[in-house]
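Next up: some structures, all given as structure tokens.
Each of the next two complexes has chain A plus one other chain: chain B in the first, chain C in the second.
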Partner chain A sequence: MHDRGGRPTDAPIDRSEHELADWELLTDAVVGTLGRNGLMNVDELRRGIESMPPDEYEHASYYERWLYAIETILGEKGVLAPGELDRRLGK
Partner chain B sequence: MTYRVGTRVRVADRPHEGHHRTPGYVKGKTGRVERMHASFTNPETRAYGANGLPAQRLYLVGFAQRDVWPDYRGDARDRIYADVFEHWLEEAE
Partner chain C sequence: MNDHDHEHPHAAITNGDEPAAAARARALEELLLEKGVIRREDVRAGIDWLVSRSPADGARLVARAWADPEFKARLLADARAAALELGLDPGPSPVVVAVENTDAVHHMVVCTLCSCYPRALLGPPPNWYKSLPYRSRAVSDPRGVLTEFGVELGDDVEVRVLDSTADIRYLVIPRRPAGSEGMSEAELASLVTRDSMIGVSAPQSA
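Moving on, here comes the complex of A and B:
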């Protein structure tokens, strides 16, 4: 999903604010730390988000998209092995 | 090529596979240079792990809303602004 801006829609704009959950704050912190340690820059983060299948992108929240990008980019770089996250999460 | 404030510029309307930050809705449109922000590393190569050098100048470009959206029904003076890297710009006649 890339360059979504300007596409017509009849859907209302959701202007509601919500409290960030702990996992969202953690995701933000992880991305900050990956950047400071030279493991993933913001442009890689954005490319990772853009690589999401359009349907998944549409249904994901802001930080869910970040998580997708972290797993994608770190997987590409071999920092995460294939399936490593799922194994650690006991899936 | 450096563009001065006030220069009429056209955004290149070229296909570009891969990550880039030029919004599709301004490609091929003509606007006015409002400001030169600074030079920044290039996100088009940084997105693939490169260092983004050489840095590219980034401009604030203003467009008439009516030039960008054919069906725009707001005020004719309304404008829309986008940050566009220099290598996406060409001087408009």
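Moving on, here comes the complex of A and C:
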């Protein structure tokens, strides 16, 4: 799913520019901080992203995939309890 | 499989919009702060670093390489050291490799697996670089993609597609445009676009 090289597609490339939103910058910086603190390295980030169900992966935005990876990896490490983030969000 | 129906750009995420992901990101930061696994000042410093990165740094490297063949040789041999030589931040550990476009060889860069990119020297990658169609088609049809981006190459020019990894990121030194003779380094740098350093655009002098 994540390994896109050479995958046949005629989909157009959308070249419109996108300035990163605050939450995207925040997500990026949280990942960087977790990395410097030894809690999640770039390979773990990628493994987390690549563990997304294919349909979710295709429809998620870039930083939505990062959020999914943070939750997955920190869940595995016991930093986040199952469902903890959903409960915080009142879900 | 027909991917076409699935490869929309991400309509949910637009400037000024507040997607559910934004609330999720903030709640996640809050939880991690409370748990003491991250500190707010470190996150803020990370955001400050990210927004301070721009293609202007990469453009300075290219302009110096155009103006000074000995510097270009050093840049091609060790891009990290060359960046430090100009007082630029080459970023944390991953190796940056510079490659040179010539009359005979054209390099373009992709990350088929995700989005690896020399962020310290070029800023965050553009959305299209991270998009599924670019990641597929840069490999399956590089000349078609180059045409779409406005780069026309003769059949005698070899196209090399470089696939980035978490450990190696590429910076393209584009061809110096005709008509740029006698320009100052600052003028040269102003010709160097972000996309030309990804290898999907060619600098123009006028």
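As a convention for this text, the second predicted complex is superposed on the first by the 90 of 91 C-alpha atoms of A that agree within 3 Å, B and C clash if a C-alpha of one lies under 4 Å from a C-alpha of the other, contacts with A are read in each partner's own complex, and residues count from 1 in each chain.
FYI, contacts are C-beta pairs under 8 Å (C-beta built on N, C-alpha and C of every residue); 3 or more make two chains touch, one makes a residue touch a chain.
Worth saying up front: this structure is predicted, and the values here are computed from it rather than measured.
> If you count the residues of chain A that each partner touches, which comes out higher, chain B or chain C?
Of chain B and chain C, more residues of chain A lie in contact with C.
> Considering only the touch criterion stated at the top, classify A:R47 as touching first (chain B), second (chain C), both, or neither.
First partner only, chain B.
> Touch check for A:L39: first (chain B), second (chain C), both, or neither?
Touch partner of A:L39: chain C, not chain B.
> Between chain B (first) and chain C (second), which, if any, makes contact with A:G5: first, second, both or neither?
Both partners, chain B and chain C.
> Chain A residues touched by both chain B and chain C?
2-3, 5-6, 42-43, 46
> Could you pull out which chain C residues touch chain A in their complex?
3-4, 6-7, 9-10, 12-15, 17, 19, 21-32, 35, 37-39, 42-47, 49-51, 110, 112-115, 124, 126-128, 130-140, 145, 148-149, 163, 166
> Which part of chain A faces chain B closely enough to touch in the complex?
Contact set of chain A toward chain B: 2-3, 5-6, 41-44, 46-47, 50, 77.
> Going by the contact rule set out above, which residues of chain B touch chain A in the complex?
That would be residues 18-19, 23-25, 43, 46-49, 52, 69 of chain B.
> Help me check something: in the complex, which residues belonging to chain A touch chain C?
Contacts found on chain A: 2-30, 32-34, 36-37, 39, 42-43, 46, 49, 58-64, 67, 70-71, 74, 79-80, 84-85, 88-89.
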